[in-house]
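Let me begin by presenting the structure, written as structure tokens, before commenting on it.
Labels for the chains are A, B, C and D, by order of writing; each one numbers its residues from 1.
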């Protein structure tokens, strides 16, 4: 998208199994001149509709830029809340894109407004941008020290954010001290150099930054490395340079969101040195150890649970088969008001591959059960088509708590694990049995790959993950 | 649009003959409760497309609100620049809608940014809103004195603005000390009371504020009065109350934009106590005195020049006829790159009523000639259809200077009056002769109606108008 | 639209005051080669939306073509019913465009279906096309004699149709023997020859055929002549050639639709040698003679009644003024379910030019009153704004009967003239008085111009018009 | 879609791996009354966009109907060519929906046009409809014998068609004597009766007919049986009744399109008693026998080749893994003009699951290679990500010949198997080796399941399939 001969940009991929469409997208480019010219476009919907050809045309000037795709968490979904957020300051425009949710946003808003600043949106991105502009006071004669301002911001808010800050011809890539949200760097190497190795200081061809590494391949870039928890990385025509690592409070572990592995990320993304697919497969193996089943075949709810299902099959020795084919022409399954319509909705979305399982006992692997509305008609579909028993094995623990760090989870009341029906979940959804992966099992499946990795790379000394939605243990104290 | 049983709102009408479609529209409503809930919607294009039914639905809560339709002057046309501008302050949200252009915007932006405020748009509305929030410093314990803040703003910027400022359950309607932009108040009286008279203090049914009075009729309101130059009017559940009149510097005259009469306003609007149509008719009469023609018939370029043409016919004694009919199915005449295409474009838009003028000498009245691109093919059309001579009489003086007060005028170079061709304008556009109304003639045609009016209403003691685009004399010194 | 160096095409203009938007449009072009290639495009809505740029691109091959814009009369409004209708025959494709309604369509459909032809639409155009293909039987060895087939068709159905039939490199322009629907020929002369005179046989540059001559000017063509009642005109690379005139039954007069003058046609169109505007102005004069008024001023419901109003003013000696200005930003006035909403709808569409008529007695001219829903709120608007009396004068007689010849008139029950309220129409609509033009007055206003014309052109010996919707006298016996 | 308490309808599913979106869809319903009312809607694009809610609303009257989704083969893709085709005859309307392509369409068109019928489209559906209406001659006094007319049609054209003919309250489901196109019957049983068994004559709740059985599940219907080659089945309020089986010429085998198994059909559809998925899995097993590979892992080009890949893995004993994940947010891969853009297009559509195969030799199964444009960048993607060797195994033979029976295959020149590059196909696409399934292998994989089936069901005595696109042997002689 950004055919740069020089520097960098951010590209966020649409995320989350259940989030069948992002809400808005924005891009801001800078020509890097002095003074720079910024060009911006924002739109609602998927990138393809948010960026019509004429919008892209106007963005092609400039060799650095940041962009953002958004699925609303706090801010109401309106174009106005679209990122990146750009403001004009005494020393020119800064643009900020942000992934996450500031845990102390309320107190910070008060602080900014006390200075007489009116906030025009409810988004954290504007708040971050105004905080960067506000402190210390700006003066006309001295160029602002953006790195000091970013560090200052990081001392005011511990989590949860991955940031891109663009000013003139520099982009700063920042991850909060707990590393709650992902952020990684990729490198665009010209075709002729694709197989050569080059050090960071050498003449480079372009850099990209993204929440997920899977987006690199689609623009011809290669995964380079993660931004570390608390790290500020500068990207400019001089290449990539690590400027600083803001530490966590003594004793605190990193808290990368474990649900990125379970649910949100694309399987080909890499976090902490391991491929998400591999982690999911390991969850399936662990699930087979924790919850073995007396059955004939193992299968998947396509497509997100397939790695876990293959892992379960390998570990258990049961044959892996397909029980459902997906109808590519059905878009979103809207939430239907009653059981019969939900049944028809699922029957439209999935076709039963009857002959593969008729007369057999099926273990069906799902990656998570949030509300419990979809799995029930799938089970009925399989039983109507001849499955003698359907056992559900879930490759993650039940979600029980809200997330205050940027993940859109249903309210506590809507979560199936908090409902009375959960006591007899198998009966409620019509399964022969239901079993979940334990929190310990999940954590070990995730961290096993990192340990093996740490032998090679000593950069992150200790390992830790945020499991707040499963355990209620938040990485920092909540203050409201 | 705002079925209020209590207070008020602003409604701007799309304006300007040449401005065949506004660019964006926004509306913000408040439920007036404590703390209030604001609801907002903004959209691009005409009101009808900017406000789909579901947008209107969400706005129906609340009994006061402000809205804005916009044809960009300074700010680039993007949804982000849409008004009203709403910001959250320590004491709740304020919403501001603005018509005009701050003559010292550049210096004011610097001032705000020096405080560390980042400005997210290039619009004056955001600037005004942040200025109101900024000075004096806001404190949590004391409610802000908005009237003092508005007065403070008015001392910092002399012109050009008409404002609506909404806070909780009050709207302030403000006009700059020079009265450069129009603003007037209308009253919604319930059907049963339509013919009763009521004092300002009495129990009222609803108030509306608008740039142009013509918008009142379409929502069932009656014209009440103008906001005076420099006046701050408060509209609340207690009705309409004049709070203050901020004076002009000693010796300065009011400077209401004379082109509102000539060109922008709808003919049924009322300014300074007189109907725009009547002023235009008077301009036509004055033109007949200044520039009589030896011809057979008088006609108009439909529809905006019709009042002037009828005035010219009455004064000159020549018969008024129609020479062109408009094709309602042709939308905008896009600017065509060459003479032949311009000719076909005009031929598609206007049909020649041949039999009305074949063999005759025609005086064709136009209200203004800005670029000179349209009148030329019209003259050719008439001559091809049999007119023996076509004399052009323009019911306003030539435009020669830029406007820095909110009116979108082509650059100096594009104005026909500044081109070498203007020396032989008749030859250039193919007319038998061309004559313009004088500046003195225009001013007297405008002020004649006010003088007669002043006998009844002594409120504005002296009369003056901004003729900067015609004379280069700006009401205040320009500072950049 | 059809930049032909050689031959011709049809262009229908959207028609009718009340028909605020055509429903569909189609165009078919032929490259005239042997065998020819036809290219077609049809779309719903106005021409501008029915023909996106890529559709026009594919049509540019070929130097002759026919097109059609449609406001449904009999056929349901679906794309399938769009004209021109093209069918493939043993000898290649023919394309037919049709304006009007076959008075004996029902019997003709039966006839065609008895031959085993299935009819895929309810449109007369398909019926005409299949009739042309069917009789006499087609043979592979002999080229079909299309002129004989057209004559044969004309003996089977007397009225109402104007037709364009395209086959390979020839277009036949046909008008039914009664001349009920209009059809005229225009000539595209290259710019350099615009003022030279050329005989029909000479080297020509292009020909166009249209229902209304007003469409010629917009494509740079000049009015040439009407197709006569019953005439078949051939248009080809050899120019325009009259092939035959099929006669009416002995004693029958021509029956050109008088409502084309009153209501449907654009004022700059020419029928029977006279401009529609002039006829409407004459109707206004006649109305002033038949229905004089004791009043102060004459005005119009803009814009269609303006010629009649000017005629009334000239004849009566009363001054002509404007009382209403139109809001160009309001599209269609939808039929509103109650009086209050109708009032607001009209108040949105028209602004009252109060100062022009306050305290005066107004004669308001309308061109016709069909349902009576619009005039009533206009009268109220004027009276609220200060008119002391509003007298309605209608420049055509009341419509009382259905049209079976292609004009879309409300059902008999919906026509105000057939309702009980018509007895006190003035009271019903709130007018001081209401008077209509008489049928005799209308006919004489129409035919007066033709008589004077006949001195020059002896081609149509006798004069007659269809007044069926006013009198119930249909030009031919109705058979169902 | 058709909530019928009584009879039936047709529902075609969008088909074909490469056909990522149908072009148009139409539906016609009949209320079954005497005379019946038909309601129709047709639209372009996917069913969801072709049928907006208001269109569905108008279709809900009636308890039988036929519909059609279309991917153009012969007729140009315009709304006019949309099926079902409805024509009015002397005895009322018939509606026809058609899947396939008449092998002698050209001669039949001539025949119809010789009768004087003009054909308004290039579609076979109109041709079929007019043929049904034409012979024998229709008379007003006698109701037409539609079954005789259908039989008559079947003697005039041997293949390829599956038809639905609706007349008043009856639908005839027809398959050509060679059974080239699929057609099967499903039954809607009320929820309460879902597990009861019922004979054909009994009281039934509803019947549906479809090209593919997979569509039944999504509307709550169960697979009932196939329509046999040459069979005419009547569906009415009396249920399903087999009326006749029109035989093939002595000695000819059935010729069901073998590519329905390979490529077009959804894997959960049932043809000739066997599930398509099972046949594809068998093709994979057969391929492993015919073309074994010395490699480490087996994988699939998701998703259509997955059953074959699983079959190959089971037969070969190599482990099945996933090498690619699909990006759900990328729609269609447009054909890109050069290698670099094709590479990026594939990289956007598929993510490489690097850790699963880095350092390994991969056997990649594809279901067919038509043009060879997609497989090449996929191989490059895998090798760049670390695969040491990529062996391609194709689960069907090379396509070499055009299809004249309704399947849209690229021209002979575009088929990779007919290009010189095919001599070194592995080198051309960058694979370590390439091997295809043999024709004999494919036929035996298909027919093996039918043989086993024939033990139970003796209805189709002999087995045969159309392999024309692979072998050039067409089921009937081609006449042009």
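By definition in this document, contacts are C-beta pairs under 8 Å (C-beta built on N, C-alpha and C of every residue); 3 or more make two chains touch, one makes a residue touch a chain.
Since we're looking at a predicted model, the values are computed, not measured.
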* Enumerate, in label order, the chains that touch subunit C and subunit D alike. => none
* Structure fact -> Outermost chain relative to subunit B, judged by CA means, is D
* To do: Report the inter-chain centroid distance for subunit A and subunit D in whole angstrom, where each centroid is the mean of the CA atoms.
  => 40
* Structure fact -> So, in whole Å, the Cα centroid of subunit A is separated from that of subunit B by 49
* **For subunit A paired with subunit C, centre-to-centre distance based on mean C-alpha positions, whole Å** => 63
* To do: For subunit B, jot down the residues that touch at least 2 other chains.
  => none
* Structure fact -> Residue positions on subunit B within touch of subunit A in the complex are 42, 79-80, 85-90, 94, 109-110, 113-120, 122, 126, 129-130, 132-135, 137-140
* **subunit A residues within the subunit D interface of the complex** => 13-14, 20, 46-48, 191, 194, 214, 217-220, 266-268, 274-275, 277-278, 303, 306-307, 310, 320-322, 325-329, 331, 340, 344, 347-348, 351-356, 381, 384
